[in-house]
Every structure is written in C-alpha cells, then in structure tokens.
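You will see chain A twice below: alongside chain B first, and alongside chain C after that.
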Partner chain A sequence: MKPFTLKLRQEPPQRVDLSVLTPDRLAGLSPAQIEKIDIGVTKFSTKVGDIFEISPGDLKNLRYEGGSSRFDLIGAKLLPEFSIHVDGDVGAQLGRLAYGGRITVTGSAGAYAASGNLGAEIEISGDAGDFLAAPLAGELSGMAGGRVIIRGSVGSRAGDRLRRGVIVIEGSAAEDLGSRVIAGTIVVLGATQGRVGYLNKRGTLILAQCKDLGPTYLDCGAHHLTYIGLLGRSLESASANAARLLSRKLRRYGGDTSVYGKGEILTPLRG
Partner chain B sequence: MPELVRNGVRIDDSFAEAFPMSGTGILITGPNVKWARQAAQTMTGFATSVIGCGCEAGIDYEVPPEETPDGRPGVRALLFAMSSKDAEKQLVNRLGQCVLTCPGSAVYSTVPGEFEIKVGDAVRQFGDKWQMSKVVEGRRYWRVPVMDGEFFCEGKVGLTKKSVGGGNLLVMGADWDSTMRATEAGVAAVQSVRDAIAPFPGGIVRSGSKVGSKYKGMGASTNDAYCPTLRGVTKSALDEDIGCVLEIVIDGLTDAAVSAAMRAGLKAIIDMGPEQGAKRIGAGNYGGKLGPFHYHLKELLP
Partner chain C sequence: MSKATLEGKTISLEEAYRKAADILRSARFPLIAGLGADIAGARSAILLAERVRGAFDHLASEEILADLDVMRSFSMFTTTPNEARVRADCFLFVGPGLTKLWPSMVERLAPDQSPRHGAQAGAPRKIFWLGPDASEAKGVGALSINAPVSEISSLLAQLRATIGGRPITREAAGATPAIAEIAQALKSAHFGVVVWSASAGLDALAIEMLQGIVADLNVSTRCTGVPIGARAGAAGVTQAAGWMTGFPPRTAFGRGYPEHDAWRFEARRLVESGEADAALWISAYDGEPPPWSRADLPLITLAPAGKQPGHGLYIEVGQPGVTHDAVEYAQEIAAMTLRKASQSTATPSVGIVIDAILAEISEASSC
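Right, the complex of A and B next:
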C-alpha cells in the first residue's frame, strides 16, 4: 500500500508545528478534516491544506514530499511501528520525545533534533543543528533511548545530558560534544572541537579522531571490549564506517573525573 | 506384549513419561572456541538430575562467530529445573561462579520465554559500582570490569515453563561394548537436535532408578527389573539375550524438541542393527499417572 503523502505546495509563511501530523493522531480523520488542522504558531492561521497537498494512503508510513527548515516537531511523540520519511529539510525538534518508530530525513535538520527521544530510530542524511538529542531548558535528561544516525555534521552540545541510546555522527561535531552526558553512547567519525565529554558521568564517547582531552580524562590503556564489538555489529547496516572504527582496538580514557567519573572516551591508538 | 521389530531391533510397546519443567538457556561467547566451551562445560557441570543437583543442564550446540551478537565463537547451554524459582537460583549461582570467573566470557539470552530471569542485573553488583549498563537494540547489557577486561552480560534471560524433562530411551544389548556403541550413536543423534540436551555423563545414565526403596526415607533406588546381574533373582524385565542396559535421558525446551530428539536417537540405534549394537529398545515410565507427557516409541519409529 502506498504511503500517506503530504506534498509541499509552498514554503510556509511562518514556522509550523507539525507535531499533530503523526500517524496515530491522523487516524480516523478524512482528508478534508486534515486540511483544516491549524499548524501555525503565530496569531495568523496556517492550515495543513495551505502548505500541503494530501494523497491519502497507509498511515503507518507518512511521507513528506518536500521539506522546509520551518517544519518544526515532525514526528513528535511518534509511536513504535510507524514511520515518517521527509524528502527535504526539517526544522527544530525533529522526533521530539518519540516513543519509537523510524524517522528518515534526506536533507538537514534544525536544532534539538531527536530531543528527548525515547526509542525512535532517526536518520538524517544531511547535517543537524545545535543541541542534537538534548533536553529542552529545564529538563533533567536528554535522549533516553533509540538510535540516531547523522550522515553529516552536527552543531554544538550534541548529546547533551544523553541518558540512554546510541548516537552516530559520521561528520564532525562542533563545540562541547557530549556535555553533561549521564549514560549512553556517542560515536563521532569526524573532527571534534572544544571540551569533549565535559562533565560526562557514565557515558561512552567514541572518537575516530583523537585529540587532547584535558586533565580530567585519565588513560586506562588500549583494549578490545566485548561491548564495542557488539555495538559495531549492530551498526554494520546503518553505518559501515562506524562499524569499522569499532572493530579496532581502542584506548580508553576514564572520566570525566571532575564529576562522577565512571564514563569513558574511546579512541584509536595514535599512529 | 506384541513386539515391534525394526532392522532386527525389538521395540517395546512402551512409552517415556516426562514432566513439565522450567527451562532457560544462555549463549556464552568467548575469545575462542576453547574458552567459550570451557565456560559452558563448567556451568553445566554437576547438573545431571534435579534430585541431587538442583537442576539439569547441558550444552545444546556451538554457534559460529558470524551468528553470535558480538562476533565471537559461542556455545549455547540449557538449564532445566522443577520451578522457575529453582531455575533462577541455579542459573544466577552458576553464572556467578562458573561464567563470570571464566576468562573472556560474555553472556546473552537465547530463549524467548514467557518469563525473565535477572542474571546480569544480579551479577552486576560484582562490579562494585564500576559496572556500566548499555542498551543496544532494546536489550540491556552490563559491563562488569574484571581482571582480564570486562565481563559482558545481558541483564535478563528468558525462561519458559513449557519445557519438558524426562524423555528417555532404554538401550538394551548383549554386552557393555555393543550396548555402549548403540547408545553413543543414539546420544550423538539426540545432541544434533536443537533445544534438547542429554544431561547425564556423556548423555548416558547407567543407574536408572525406580520409585521407592526398601530403606525408609529413600525416594528412589536401583531399577532392579533392568539390572542384568539380577535377571534370575528378581522380577526382571530383561530377556535372556540382554546383558547390559544404558539409558539416554532427554530434556527439551519444548514438547516437540523432546519428541524430535527421541525420534533421532531411536533411528540412530535402530540403524546400527542388533549385531553391532542394541538388541532391544525400551522406555521408562511410572505407569503414566505421574507425568503429563507420554512419548510412545511406536509413534516415533523411523
């Protein structure tokens, strides 16, 4: 059965909140009813019908033909077994608090992508903005489950307060990757900047490119860890380069000892 | 008794009587086959019968590296007990003493059961707060630092109450050598069936028991009807041409696994024929009133 498709008619005149357009929330609504849903975030009204041309289909698979950096909250609170595909860019908070399911974006994502993700598999072919998988202001923890794959690069503070789950960044990461990480795993294949793993409590950061980690990360020697082998095999189909990195012997730096200090940064041996 | 004969081997019109058990199993991986096998052997040692060992356990099959979660060679071990509580206690103890201690080992759940046993969630405390939890593809694992690196263990393993224990074959032959030849062929066939184990030494038990004893307080004693040295002086079940009896006891995760294992064992013993191997095959039961699972030999014949 063909997917339920939302074809872009025109660039929205304002940012739009697309959190309501998830399969479970659209179930039972006719195309006419869906077109009347207000998705604007200002006092001016913007309706689904103004922006999208709807072709009804299987609601389990939602497809956006054409994206925009003004599309906020796509796939928010997505439930397991549903999927959303976006041909184009998306705005902020992609997959915010998603419980499960799968979200794929062919373009780039704005800030707070995968924020508070609880179990969804999110793949972004382009770049992601600042605060990937991070909590919103005032929240105690960030992403708490699922898997996020970014083919491009990410902005600063990626993986902030990560609690559980796996983040793979194939490109580079801007400042303060993995700040305040509680637990979970982040793999970065590109370059990193600033204080990596600042105040990391129990998380695992795996960096393909070694750098000076500062005095609060302590060398624990090079090892073949069973967990890394298992993680590598689980990533084989999603990111072959990450899997290759994880098959190598990695040097373990324990830290951040300025806080709880049970976390680690793993990186290939120099030279 | 109307006798069935297959390839010259007499088959009793009898049945094996088996009981429901709680079954669980783990996949143990190691840096190489030797050490994966060592962990599994140690964990399934002293586990022949629930009566004295608390559980029955054995190695099910070996798993090549490409099929294990971490890409290392693995061995699947099964463990059966009379209650889920016993199974949990035995598995956690054996894991802590035999697998955690074994160099290079890691543990994964392989039995999709209705219930779960906390294993890693119990053993993790050995890590003295240095342990780390990791969730990969929805499954929780524990990394416990140990002297050769890390012990990696899944948090929970599955347990099923649909397991069956006590499938059996009584292999009867002219002497020890020929009976052993037939029984070893039977055990090899049983061990090739997945989800089933033969928990006794080398899969074979020579001291089959009957219910009750002449001594007070002993629940079971030697099965004199099948002891060849007592053939003339007791109410024997043995014919004149039988000089040795060996038994294969089978536990399986499912009813189907036990019957498949018995079928395979029967076929292997029958194929050998009465000259090289066994002259007669029987099965042990208690009259059919104690155990809900009955495996009739005539229904399992090749």
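Right, the complex of A and C next:
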C-alpha cells in the first residue's frame, strides 16, 4: 500500500507545528478534516490544506514530499512501528520525545533534532543544527533511547545530557560535543571543536580525529575493547565508516574527572 | 521637551503613539525586543507583547539565560552581597572585568576586611581570582591565576576534580599548582563565596561547573555564590517576566498563551529569518542599537535623547533612575529598590510611552 503523502504546495508563511501530523493522531480523520487542522503558531491561522496537498494512503508510513526549515516538531511523540519520511529539510525539534518508529530526512534538520528521543531510529542525510538530541530548557535529561545517524555535520552542544542510546555523526561537530553526557554513546567521524565531553558523567565518546581533551581526561592506554567491537558490528548496516572505526584498536581517555570520571573518550592511536 | 520622529522628521507624540499602534497591530508576529527598562517599563512591554500576540526578548538574554539554564537544569546556591561581606572567610572571583561590570563590588563585598560573623570572625579572608583583568586582582589582594577567559572553564574543571580528590593530567597539575592551593582553601573554609558574571564571558557550561564546585563543597562545609547580573536592567526584567508569564525573556504569545523557547524567540533570529515582521526596540538605559542588520523591517525605537536611529519611528524616553524615579533590581542588595531620579525631567518613561501605545491599540480594536 502506498504511503500517506503530504506534498508541499508552498513555503509556509510562518513556522508551523507539525506535531499533530503523526500517523496515530491522523487515524480516523478524512482528508477534508485533516486539511482543516490549524498548524500555525501566531495569531494568523495556517491550515494543513494551505501548505500541503494530501494523498491518502497507509498511515503507518507518512511521507512529506518537499520540506522546509519552518517545519517544526515533525514526528513528535512518534510511536513504535510507524515511520515518517521527509524529502527535504525540516525545522526544529524533529522527532521530539519520539517513543519509537523510524524517521528519515533527506535534507537538513534545525535545532533540537531528536530532542528527548526515547526510542526512535532517526536518520538525517544532511546536517543537523545546534542541540542535537539535547533536552529543552529546564529538562533534566536529553535523549534517553534510540539511535540517531547524521550523515552531515552538527551544530554546537550535540548530545547534551544524553542519557541512553547511540548517536553517529559522520561529518564534523561544532563546539561542546557531548556536554553534560549522563550515559550513552556518541561517535564522530569528522573534526570536533572546543571542549569535548565537558561534565561527562559516564558516557562514551568515540572520535575518529584525536585532539587535546583538557586536564580532566586521563590516558588509560590503548585497547581492543570487546563491547566496542560488538557496538561496531551493530552499526555495520547504518554506518560502515563508524563500524570500521570501532573495529580498530583505540586509546581510552577516562573522564571527565571533574564529575565522576566514569565516562570515556576513545580515539584511534596517533600516527 | 520630549520628541518623536518618523524617518527623521519631527512628529507629535500623539501621532507617534498612533503610528506605533498601527505598526504593531497590523503585524502578523511583532517582536518586542531590547527591553532595557525598569520594572514598570518591562511590565508594560510584556503586556503589550501579550496584547499584540508577539514575542519578547531582552538585549542581554544570552547572559541571563547562561545563569538561568544552570538554575533550572542543575542547581544554584546564591546569597546576597551583604551576607557574603559579613560571613565569607574565603572569596573566589571568576572571570575578567568584574569590577567594571559591578563598579561597587569591592566596596560592597569588602574582601580586604575580616568577616564579622561565624567561626572566622576577625580573621583575614583568603582571596583568589581565576582569570582577572590586568590590575584587578592586585586591587583586592587576591592570589590570581592569570588565564584568558577561554581557559577558565578548563581551570574550573581542574579545580572541581582536585576538590573531589580525583586525578587530573600531570601536565595540568604542574602548570597550575595554585589550583591545589585554592581547592584546599575552599575545603577548609567555613563560608566560601564564589563571585562570577556571565557577562564576563562565562557560558552556561562553565557556570554549571562552578556551581558543581559549590554543590560538592556543601557536602562537608558551607559555600555559596554571588552572581553579577547583566546590563540594562536584565535581572529585574527577568523577574517581571517570571511573575507575569512564568518564563524569562525569549517568550512569545503567538498562540495566545506564553511559550518559552530560547532558540525560536531570539530577537536577531526572528528578524533575520523574516518570522517577525515588525519590531519595537527598547533601550532606555543607554540606547544600545538592535543586534540585527535588516533595515527594511518596520521599526519603532524607544531610546534616550541623542540615540535616535537612522530609520523608522523614534520616541524619546527618559533614563530609569536618572530622568525619572524607577523601581529596578539592585545588584548591591540583590533585591528590588526604588531609585530616585538624579536629574528629573518631563521626558516620558518607557512605561508611560507603551501604556499610551496600548491605549491606542485598545481604542482601535473592537472588543
């Protein structure tokens, strides 16, 4: 059965809140009813029908043909066994608090992509903005499950307060990667900038490019760690380059000793 | 005599209020930014934002939110400057330029005097400074570690590890032996006080590390902090926003109820992305210009005399505590205070101007 499709008619005149357009929330509604849903966030109304042309189909697979950096909250609270595909860019808070399911984006994502993700598999072919998988203001933890694959680069504070799950960034990461990480795993294949793993409690950061890690990460020697090999094998289909990095002998730096020192940064041996 | 201009031409105040009301009422998503005002001005500005269903942001939000993010997602020990002055037996100053950001800091905290209360009353205080400006540390007799502001977060990490008895790299320990001395002094102090300012260049992560140090020390002794607030009435405006909406600046009423999002409602981003289609810029203290570069946005500026912008509608306002009496948050007592006008004039305050604009808006709408 063909997917339920939302084809972009025009760039939205304001940011739009698409959290209402998840498969479970659209079930039982006719196309005419869906077109009347208000997705605007200002005093002027913007309705689904103003922005999208709807082609009904299997609601388990939602497809956006055409994206916009103003499309916020796509796939928010997505449930397991549903999937959303976006052919284009998305705005802020993609997959916010998603319980499960799969979200794929062919373009780039805005700030707070995968924020508070609880179990979804999220793949972004382009770049992601600042605060990837991070908590919103005032929340105590960031992403707490699932897997996020970014083919491009990410903005600052990626993986902030990560609690569980795996993030793979094939490009580079801006400042403060893995800040305040509680637990979980972040793999970066490109360059990183500034502080890395600042206030990291017990998370694992794996960096393809070694750099100065500051005074609170201590060299623990080079190892073939069994669990890193297993993690690498589980990533083979999602990111072959990440899998290759994880199969190598890696030097382990324990830290951040300013907090508990139970976290680690792994990088390939120099030279 | 107060004045208003439209594209440089003088117009009457009544006409200016009407014109401002027109701009804000017809905008799809107006922005009330700058917010450099006293409490009365902030209250009127936030009411106006609610009335026209726009967003509001303060010109020093970056610094406000650095402290606030730590308070709302970690924890924050603070005390008043007075309590610090009478009880502290150990001061740790963090960051450059604190005496410029708070000119009466040395007078109010009196680090050179002994604490009056507590077990250490009468004994000289220990004073340390991480990354001070050139002559600043000597002025208060502090033992300082000179470092650029970019290295302060790393020194704080080192200090926290040392206080907790956890290891740091041998190179770092050798390069800054004073860290071990500061750690020992804070641990053996009866009432340690750390003084910092986000405006000195400390970001939320560095402040979280600093407050982590304070929290760790409180397991075995007493330690607390004195934050130095940001410019243009930032601390008072934040409190007013808090009691009016439940949120700090970078909050919007687009859907009719307040929503806070520090990324979405940042003034510059809203203007440069085209999401905001009109702006009211308020900077009553010193007429600081807006941070955006777009000149085609319908703009209303409230600023003191001599700070007229190159374009748009300008309404002259008085300076809080200078040309009119003003209630504002006072750094020296960590509370609201009434500042009497030092050179009283008839120039209207931000509160009066915005109330007049609000009256025009209510006049024109049918409700």
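Throughout what follows, the second predicted complex is superposed on the first by the 271 of 271 C-alpha atoms of A that agree within 3 Å, B and C clash if a C-alpha of one lies under 4 Å from a C-alpha of the other, contacts with A are read in each partner's own complex, and residues count from 1 in each chain.
Throughout what follows, a contact is a pair of C-beta atoms (placed from the backbone, for glycine too) under 8 Å apart; a residue touches a chain by one contact, two chains touch by 3 or more.
It should be emphasised that the depicted structure is a prediction, and the values quoted were computed from it without experimental measurement.
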Putting chain B and chain C onto chain A via the overlay, clash or fit? fit
Looking at A:234, would you say it contacts chain B, chain C, both, or neither? Reply first, second, both or neither. first
Have a look at where A:15 lands relative to chain B and chain C in the superposition and call it first, second, both or neither. second
Now for A:269: first (chain B), second (chain C), both, or neither, which partner does it touch? neither
Note, angle between chain B and chain C viewed from the Cα centre of chain A, nearest 10 degrees, works out at 130
Between chain B and chain C, whom does A:164 touch in the aligned arrangement: first, second, both, or neither? first
Across chain A, the partner (chain B or chain C) reaching more residues is C
Shortest C-alpha to C-alpha distance from chain B to chain C once the two structures are superposed, in angstrom? 14
Per the touch rule, the chain B residues reaching chain A in their complex are 29, 69-72, 106, 129-130, 132-138, 141, 143, 149-150, 152
In their shared complex, at which residues does chain C touch chain A? 28-29, 53, 65, 69, 72-73, 153-154, 156-158, 160-161, 164, 166-169, 171-173, 205, 208-209, 212, 254-256, 259-264, 275
Given the complex with chain B, which residues does chain A contribute to the contact? 119, 145, 164-166, 183, 185, 202, 204, 223-227, 229-234, 262
Touching chain C in the complex, chain A uses residues 13-15, 41-44, 92, 111-112, 130-131, 135-140, 161, 176, 179-180, 195, 198-199, 214-218, 256-259, 261
